[in-house]
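In order of appearance the chains are A, B, C, D, E and F, and numbering begins at 1 in each one.
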Amino acid sequence: MSGSYFAFVAAAYGMAAFALGALSLWIFLDARAVKRRLAALEAAIGRGRAR
Amino acid sequence: MLALFRRDLALQLSGSGSGLVGVVFFLAVVATIPFGVGPDLALLSRIGPAILWIGALLSTLLTLDRLFQADRDDGGLDLILTGPVAPPLAILSKCAALWTASCLPLVLASPLLGLFLALEPAALAATALTLLAGTPAIVLIGAVGAGVAASLPRGGVLVSVLVLPLAVPVLIFGVAATYGAVNDPAPFRSPFLILCALTLLYGVLGPLAAAAALKLSTD
Amino acid sequence: MSDLAARPSRFALLANPTRFLELSGRVQPWLYAAALALLAAGLGLGLAAPEDYQQGTTVRILFVHVPFAWLSMMIWTVMSVSALGLLVWRHPIAEVSIRAAAPIGAVFTFLCLFTGSVWGRPMWGTWWVWDARLTSVFVLFLMYLGLIALTRAFEEPQRAGRMASVFVLVGFVIIPIIKFSVDWWNTLHQPASVLRMDGPTLDPAYLWPLALSALGFSFLFFALHLTAMRTEIRRRRLLSLQRRQALGSA
Amino acid sequence: MLDLTLSGLVVGRGRRALSRPLDLTLSAGEALVVTGPNGAGKSTLLRTLAGLLPPLTGGVSVAGARVPDGEPARRPIEAAHYLGHRNAMKPGRTVGAELAFWADFLGRPALSPEEALAAVGLDGAAELAVGALSAGQQRRAAFARLLVCARPLWLLDEPTTALDGASQARIAGLCRAHRERGGIVIAATHQPLDLGPARSLHLEPIAAPESLPAEIGGWDEIG
Amino acid sequence: MLALFRRDLALQLSGSGSGLVGVVFFLAVVATIPFGVGPDLALLSRIGPAILWIGALLSTLLTLDRLFQADRDDGGLDLILTGPVAPPLAILSKCAALWTASCLPLVLASPLLGLFLALEPAALAATALTLLAGTPAIVLIGAVGAGVAASLPRGGVLVSVLVLPLAVPVLIFGVAATYGAVNDPAPFRSPFLILCALTLLYGVLGPLAAAAALKLSTD
Amino acid sequence: MLDLTLSGLVVGRGRRALSRPLDLTLSAGEALVVTGPNGAGKSTLLRTLAGLLPPLTGGVSVAGARVPDGEPARRPIEAAHYLGHRNAMKPGRTVGAELAFWADFLGRPALSPEEALAAVGLDGAAELAVGALSAGQQRRAAFARLLVCARPLWLLDEPTTALDGASQARIAGLCRAHRERGGIVIAATHQPLDLGPARSLHLEPIAAPESLPAEIGGWDEIG
């Protein structure tokens, strides 16, 4: 009995893990990209005019 | 306020307004559904009120997105928002003008269209009545979406996306009241009263929120 | 003093973005750690919990479905509070909060729908019915999507934040509708058994894992939200610097 | 007696300041000419005075003006006409109908639309559609709005855009007449505009935000 | 021409007009219907194709009316009409951009949405196919309405009222073809061919008429 | 050699004539300044030259110009840039993207968007949204369009609207440079604009329609 429904439980947990993982990944990549661009811009400005 | 109502009504009825487009779209919706349902008159008359309501909801969306756009583009919105009429009241009169130009014709046409859908007389009357009570709510809550999107160059579909979920309760109670009027076990009074309450609620909420949105987006 | 007077508010100082970045940087790792620990405990206990005599092993979906359902509503509530903060106190962090929370909320709502319909198949024999609870959560999902579209439709993040907050506040009406839909209309979905006026009626064997995992997912949300907010703040600084650099020479 | 007071007013876009703190009082009959290069913040200042943008700090107050129903005006815009870069006239409606609408909407009607149009040199244009006027004629029709209802404070953003020499002089004359009646005129302009003896405010683009009051700070100040 | 297409596409995709919004709008429409007609899956699957088609028509109309308005208001239309690209071709590329940005996502999403409405596989495929063949016709004939509406400050309504009836046949043949694919007695081929013929006809007629309308109206 | 010839050209709106018949030839390097009060028909003339309005009688021809693909231009607009009262820039897009689009659409690219912006004094504004510029900055960005693709004939309708003094001088300088390269500039303006030695055309509102060639006649002449 329990075996036949295992697929549903697995699907629920699997999708949860997948979606949350993808979300976290996106958030972290976004964070890193913005941090890098900001650092680059700050370096550029710093060269132009001391802040 | 009255001046604003009159001017908007004149604009809607003459040129750039899209009131009549809504009516034609309404006709198109009502004419298309029977294709899917087939020639089954009993079924058609059962879902008839729902079709009329859905048609009215969708065609109101069609006219909504330009509620503030033209005024914004020519700079008139600045004057309206800072004028002596409190912004929510000004928005209320703009909504009233829109409703008169685009929803009232729908309400008036609905009994006629109901005949096409083989509705009984009681259902015809109930549909018209519930539409009369419910369409203002759609326009009023729609004003929020239009206000939020007014500073976008093209509001279009976004307005509808924002408005549709909020308009769903109106649809539910409108259709429920109509069925209540026709089928015996279902009640008419309570959904109809909820519908009226919704209209009043949105009548307060809509203009206030729309005014806030417009105020916050001036630049 | 006239109405036009700005409020150089205490709130603005309290919520000084620099201070926020500092503070959140310190809290953030703890949040992630707590989330992971709680989730491990909750879901671990949940998988070890006895099978339900009616639902069999599928009862374990409870431990994800219910937290997702709660969070989908809670996140909109968090955004509503932020919206109030933005509109009333012009709190500069608030607009960042809304923009950061919207996609996370959409994911949690999607997961609530997904786990619910995966649960519905064995329980009710169908993936989807148009009943009041299910449809109202679906409407919430649509509102999250609309909100995301709205926040991304504007060039300036400031205006995007203000418009979004108006929509969030007006959209808050959906939350009571979802919560009470099971009581107002009799639906297929079961009524509340945990969050009720007269105390939970759920078996403690399920209650504990549920509580732990709900807490864990909440911490996960807060942690992700904080990270996304930090990114948003930096993005704004980036935009603002770009603009200043461009106009400095113009 | 009408008085308009700016106290420590800093105007700007978003969180970016565009002016130093302004302290200034204008009394009945006075005029202020705002000048400065493109992008200096002239329009931003006028829109802030009109209540269309929030001030970054400081405030604006008005004393001695009344709103149409007799109460004293509290916000400047209640006593002010704002003429922006755009004309606030619908191309598809007639000039007369638009002026009549604004007179009705804004309250306290003064000249009739026809008289106002005559005053700006557009006699007999009342029946024409706004869209069928030339650029300068449209601008003058927009100016006629200030004459169809009486408000003591005029906020004019480049009122003479697209106007020929004769019309510029005519508009300047209308402003002087307004001052003589006790009104206040604030005009941003690039062209010399003879409003009579007037105070002047020159705006310059601000280079360094460091020089601003601490609490304003833009997002770019985040460490 | 390609430049115009790319710019219009970018404009459509940036901000409010994006395909994502179109799909969400579609979802919202589909989710509203059961509120009206009730959660009866058999009924839903019967009217499903009609609903999808109505949703497509509505969202196209919502994005259409501004096809030329923005260009006209900012003076860009003058340059486009007198530029090196022949006006009908320029209009065609604007239409193509609009279709790619707002109709293509709908076509792609329609099978998924059909699942919500419990459509059978054959109906899913037929709906997507007919939408693919039919939506260009709506955009192209809508361009005429948009052109005339953009040019006349007044009389815009009149034209939309004239154009919408021209779009309704598309809707009707589209829905008819879809049913033809599912129900045995009803034919699929002939309404589908008519649909394609309509698209081709409007593909020639629309840009030419819209160009004429815009040319006549410059002032 | 570029030549623009107006032969018996009468411009007007609807069937109402706004000019006497104009006969005029402009050759490479020449400029024409069109003046006249509001409503005299300056914009109408420029729009007619740009092919946006039909002439009432007469015609315009161009000789010696080539379209991008090498054919000789037949209609003046094929060799002309038209800068109208409105800027033809989308508020929501960046200045750079808009200029790149026009360069691409109009063909025969010249300066890059960045260079063109620098030439009008908007260095570094390429990444900004058009809507976030002030009125004068927007006007300058619109002018930069004339620099991103090479066309010999410039039709400018009040090019210096909303510009500060320095920018007006800069724009005038760009026009003189264009003439030196063999271009033709036709500008309608109310403000003095130093294009160098230029021919001038003064339009006056026409009072009596009787003085017009018989075949034009307005509706008001129907017996």
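Please note the rule applied: contacts are C-beta pairs under 8 Å (C-beta built on N, C-alpha and C of every residue); 3 or more make two chains touch, one makes a residue touch a chain.
These numbers were taken from a predicted model, which means no experiment stands behind them.
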| item | value |
| --- | --- |
| Contacts common to subunit A and subunit C (chain labels) | none |
| Touch-network distance, subunit B to subunit D, counted in steps | 1 |
| By count of C-beta pairs in contact, the leading pair of chains | B-E |
| Rotation angle superposing subunit B onto its copy subunit E by C-alpha atoms, nearest 5 degrees | 175 |
| Numbering shared by both copies at the subunit F-subunit D contact, with half separating same from different | same |
| Geometric centre distance via CA averages, subunit E-subunit A, whole Å | 37 |
| Centroid spacing, where centroids are CA-atom means, of subunit B and subunit E in whole angstrom | 23 |
| CA centroid of subunit D to CA centroid of subunit F, Å | 30 |
| Overlap residues in subunit B, where contacts from two or more other chains coincide | 14-16, 73, 149, 152-153, 158, 161, 164-165, 168, 219 |
| Contacts with two or more other chains, residues of subunit C listed in rising order | 139, 142, 145-146, 149, 153-156, 234, 237, 241-243, 245, 247-248, 250 |
| Multi-partner residues of subunit D (at least 2 other chains) | 13, 39, 51, 85, 90-92 |
| Subunit F residues touching subunit C - in the complex, by the definition given at the top | 92, 121-129, 131-132, 137 |
| Residue ranges of subunit E in contact with subunit C within the complex | 15-16, 18, 20-21, 24, 27-28, 31, 34-35, 39, 44, 116 |
| Footprint of subunit D on subunit C - complex, ascending | 1-6, 8, 12-13, 17-18, 21, 92, 156, 158, 233-234, 236-237, 239-241, 243-244, 247-248, 250 |
| Residue ranges of subunit F in contact with subunit D within the complex | 13, 36-40, 42-43, 85, 132-137, 140, 158, 161-167, 190-191 |
| Subunit B residues touching subunit F - in the complex, by the definition given at the top | 152-153 |
